[in-house]
Amino acid sequence: MKTCWLDERIAYDGSQLRAHWILAKTGLAGDAAVAFRGPCGVTDTEMADLEDLGGPGIAADDMVHLIWECFSTTDLWLAVHRQRLLSAQAAEVIRHLQSDVVVVRDGDDLYVGKGKLSISIATVSPVSTLWHFAVNASPGGAPVATATLEQIGVEPREFGERLLRRIADEQDSMTIARAKVRAKGEWGA
Amino acid sequence: MKTCWLDERIAYDGSQLRAHWILAKTGLAGDAAVAFRGPCGVTDTEMADLEDLGGPGIAADDMVHLIWECFSTTDLWLAVHRQRLLSAQAAEVIRHLQSDVVVVRDGDDLYVGKGKLSISIATVSPVSTLWHFAVNASPGGAPVATATLEQIGVEPREFGERLLRRIADEQDSMTIARAKVRAKGEWGA
Amino acid sequence: MKTCWLDERIAYDGSQLRAHWILAKTGLAGDAAVAFRGPCGVTDTEMADLEDLGGPGIAADDMVHLIWECFSTTDLWLAVHRQRLLSAQAAEVIRHLQSDVVVVRDGDDLYVGKGKLSISIATVSPVSTLWHFAVNASPGGAPVATATLEQIGVEPREFGERLLRRIADEQDSMTIARAKVRAKGEWGA
Amino acid sequence: MKTCWLDERIAYDGSQLRAHWILAKTGLAGDAAVAFRGPCGVTDTEMADLEDLGGPGIAADDMVHLIWECFSTTDLWLAVHRQRLLSAQAAEVIRHLQSDVVVVRDGDDLYVGKGKLSISIATVSPVSTLWHFAVNASPGGAPVATATLEQIGVEPREFGERLLRRIADEQDSMTIARAKVRAKGEWGA
Amino acid sequence: MKTCWLDERIAYDGSQLRAHWILAKTGLAGDAAVAFRGPCGVTDTEMADLEDLGGPGIAADDMVHLIWECFSTTDLWLAVHRQRLLSAQAAEVIRHLQSDVVVVRDGDDLYVGKGKLSISIATVSPVSTLWHFAVNASPGGAPVATATLEQIGVEPREFGERLLRRIADEQDSMTIARAKVRAKGEWGA
Amino acid sequence: MKTCWLDERIAYDGSQLRAHWILAKTGLAGDAAVAFRGPCGVTDTEMADLEDLGGPGIAADDMVHLIWECFSTTDLWLAVHRQRLLSAQAAEVIRHLQSDVVVVRDGDDLYVGKGKLSISIATVSPVSTLWHFAVNASPGGAPVATATLEQIGVEPREFGERLLRRIADEQDSMTIARAKVRAKGEWGA
C-alpha cells in the first residue's frame, strides 16, 4: 500500500471519492492513500452516505482529508469494518501526539467534548473500496459544533502524515498476522 | 447477534475456540459472543497463532475471556480486521470505566504502561469465524509482565458485560451504516 | 430483516427496483421487504430482465407487489436462488389460504391452469440484491392470459402480509440452520 | 451438472456425504447428483446437523436418497438456500406424480399429514458444497411418525429419477436467467 | 461455455465490451465467447484500461477480435489471471499453427520480434467479467510498430476459431481438474 | 510476495504442500514461494490430485520443486487458473533460456516431445491456496517417459530462480493492471 501527503490545497467536494481519483491525481497505481489540507463542501449528488441527505450539510473551511482506495476487494462489509478501525486509528494518533486530550470514538466519528472532530464515509466503486476521513484543522464553516486540531494543539500535516503511516503499517501487520493463523475444527473431532 | 455472560468459571485451554462450542455450551444458535472468567493455559496443539508456538506460552491465573463465533463469513481477512477493532473496542470500554487510565493498543494487544493487559486471536473454522479475546483480571501465572483489571480498578464482570454489549451494538450500527451507503462511479464518467 | 405492508397504492413502473428505494420510501434501513397494491407498467429502460425487452410488455391494472432489498450480498447467483425459493413460498402461502387451488411453479413464475399469476425478477445494485415479485389481484391490463387472486378467492392484502412474514421467517430459520451444520471431510480421511 | 440413478442398494450412514464420494463411487467428475435406494442409519460422528445430535436418531429401512456435490462454491449460505429449494422441488415432483396428495414443506422437511416424509441436510467440505435429501420409500425403522412414497402411491425410482432431472434442469434455467439480468442503479442518480 | 465465429465484419470501438453485448448480438445466453474480424478504433470514453488514456490510441485496420463474457463471477482479480492465461493460450495456438514463429508474451501482450501482435483488456460489469483480445490480421492503421498474422502466415479465421475452441476446452478441463482436488491441512496435524 | 531459493536438498513427499510449511521451514510469513532441488515420491495419503490415486505414482530422482502459498484467498477456482498460468510461465522461462527447445503445455503439464517434463497441483488449505510445480532435473526414478532440464541444457538452479522471479513479477504486474481498469456498463444505458 502506497501513501503520499499532497502539499497542494484541495477543496474536497465529494467528487474525489471516486474510483482511480488517486491514480489520476498522483500517478500512484494500486492500493493507496493520500492526505491533503483544504476546505470541505460536499454536494448532494456526491453524498455517499444517505444519512446526510437533507441534513445540515457536510462543510468546513479547513480540514485534513484522507482518501484511501483499495482494489483487492469490493466488499462493503469489510470496508465498513475498516472505516471503524480507521476512526480508532485516528484517535490513537491524536492520543499519541497529545496524550492529555480526551478523544472519544462514536461509530465512525471522533469527538472532543461535545465538538465533532471528524467526518467519514466508506463506499464501493465497481472495482474498489473507497474511504474518506477528514478532521477539522481550524474552526469555521461547519453546520454543527466542531472540535479542531488547532484547539487540541495538533499540527495538521503531522497528523495527516502519521495517520497515513499508521494505516499502512497496520495493513502490513494484519497481512502478516493473517498468514500465521491456523484454522480450528469442530468440537468432538 | 446474541451475547451472554456465563457465571461459571471456565478454564480456557484453547479448545473452546472451536466451531459450535458456544452452541454446545449455551444453546445459543447463530452469531453469538459469550464472556466468562477463569484461568488460561493454551496447549501447543490448540494454539491458533503460530507466532506463539515455541514462545513463553499463553497462561494466566485469572482472566476475563470473550469468545465470539460468526457464521455469516469464513473470511479470515475480515476476521483479522474485526480482531483489531475488537481490541480498540476493549480499550474504549476501559477508558469509559476508568477515564484516567492510559491504555495503548499495539496491533491486537492492549498495554497499560509496560504491562500486557490482553491476549487475542482470530481464526476460521470450515463454517465460521472465531475470536478469543481475554484480559487479565488479577495478577499471577503469566510468563510475561502483565497489567490487570484489578490494578486499574475495573470490575471484571462489568468489563465483560460492557464489552459484549459494545461489540453487539457496533455490529448493529455497522449493519445499518452499510445499508445507507451509495456506490460511487468513475471520474470523468 | 424488516417487513412492512404499505397501505398507499403505488404504481409500479420498475423504478422502485432500485438501491435504497425502500429506505427512501419508508425509512426502513437494512435488509427489508415491503408489499403494496397497485397497477404495473414497466418501461423498457427499467426492465431488468432482458428476456422481456421487445416482448408483449409487463403490465397489469391491479397487483400485489413485493419489493425486497438485501445488503448482505451482491451475489446475483444467490439472488436467483432466492427468487426461485420466493416463488415457491408464494405458492405455499396460496395453498395455505386456499387448499383446493392448484398453483404450479414454473421457474420463477406461478400459474393457475393456463393463467399466469405472477411476475418476478432478481437483480443487483452496486450495494445490494433486489427482488420484485408481484401477483395479479384482479383482472385487466395484462398482455397475456392471467390468473388472479380474485379468481381463486385470496384476499390481496392477506396474501401480501403473509408472504412478507413467510420470507422473513424462513430467512431467520435458514440463519439458524446454517449455524448448526458441521463441515464434512474427505473419504479415506 | 451430471446426474445418475444408481441401481445398487446402498445403506446410507452419513459417510457418503463427503467430498468426492460421487467421484469415487461413479467416476462422475464435477458438479453431480446421484440417487439410489437403501436403508438409512446415520451414526453420531457422521451427523452434519448438530440439531440431530442426541435426538431420536436418523434411521429408516427403505428410502430414496439423493446426494449432490457442487464444486463451484463452498458457501454454506447459498447451500442452505438450495436445500430449501430442493425440498420445494421434491414436493413439486410429488404433486406432479400424484396431483391429489397434499405435501407440505416446513423448512427443509416435507410432511404428508402428520407423517414426516423426508430428511435433509446441506453442508460444506473444504472444496465443495454437499446435500443429502431422502424420502421414505416404504414404512419401517424410523424413530418418528413417517409418511412414505408407498402410502401416497409414488414409485420410488421414478421419483428419484424425476427429482434428479428437475434439479439439473432448474440449475440450467437459473444459469440462463442470471445471464439475462441487468443491474439497477440508485434513485436520483 | 458457448463459442461462435461471426462472419460479419464488425468495427470494434470498445462499446462491444459491455454486459450482454454477446446476448444482444447473437442470442447466446450464458458464458460465451465470440470472435470476428474487423477494424479497431477505441474511443477515449470506451477505454477500459486507464493506462491507454492519453496514449497513442488503440487502432488498427484489420484485426481478429475475441470478446468473452462470463457471468459466474464479477471478480476482477480472477479476470486478470484469465486475461494472462488467454494471452498465453493465443501464443500457443500460433505456435501450433506455425511452429517456427517466435511469439513472446509480455504480460497480456504478444510480440513477434519488436512488433506488437495483440491488444487485450479484462474488465467487469455489474453482472459479469468481460475480456477483449485482438491480434492484427494484416498491417495498417496502428499507432505503434506491429506484427500481423499475415506476416507470420497464420490464417485469421482459423486462428480465431482455434482460439475459441482452445479457451472453451481449457475452461472445461479446469472445471474437471478442480473437482478432483483434495484439500490439504496443517503441518503437525 | 516473497521468494527464496533453498540450497538444501529436500525430498518432496507431498507433506510439504501444507498450510504454513514455508513459514515453518524458512520463517517467511505471508504470500511466498520457495524452490529447491530434490527427489520426489508422493505417498497416497498426501496426493492432492485424486486423478493420481491408483495411477503409476508420482516419483522422480531429481527435480526442481516450487512450492507457493498464498493467504489472500482460499478460492480453488482462482488457484486452478494460476496453476495453468504457472505452467505457461515455466514454459516461457525455458524458452527464454533455450530458445531452440520446443516445450508444449498441455493443461498443467509441460512436454518436450513425448517426454513429460513437469508435474503440478493446486489445492487449498483452510487458510490459503497452495501450489506444487516441479520439473525433472536429471533422468531416473519416474514411472512414465520423462524429459529433463539436463536433456535440454537448462541449469536447474537458474531455472528455479528465474521461475520464482517470473511469478513474483507477474503477480506484481497483475496487481498494477487490476488497479488501472475501469468497469463497463450495459448497452442502451
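General observations
Each chain gets a letter, A, B, C, D, E and F, in the order it is written, and its residues are counted from 1.
Methods note: a contact is a pair of C-beta atoms (placed from the backbone, for glycine too) under 8 Å apart; a residue touches a chain by one contact, two chains touch by 3 or more.
Note that the coordinates shown come from a computational prediction; the quantities given were computed from them, not determined experimentally.
Considering the contact criterion stated above, the chains in touch with subunit C and with subunit F alike are A, B, D, E. Two copies of one chain, subunit C and subunit E, form a contact in which under half of the residue numbers belong to both partners. With centres set at the average Cα position, the gap from subunit B to subunit F is 39 Å. Centroids of subunit E and subunit F (each the mean of its C-alpha atoms) stand 25 Å apart.
Within subunit D, the positions touching two or more other chains are listed as 19-20, 23-24, 50, 71-72, 76-77, 124-127, 178, 180-183, 186, 189.
Remark: subunit E residues 19-20, 23, 29-31, 71-72, 125-128, 175-176, 178-183 touch subunit D in the complex. By the touch criterion stated above, subunit D contacts subunit C in their complex at residues 15, 17-21, 24, 46-51, 73, 75-78, 80-82, 84-85, 88, 92, 99, 102, 104-105, 107-108, 121-126, 130, 170, 173-174, 177-178, 180-187. Listing the residues of subunit D that touch subunit B in their complex gives 50, 76-77, 124-126, 186, 189.
Those residues of subunit D that touch subunit F in the shared complex are 20, 23-24, 71-72, 126-127, 182-183.
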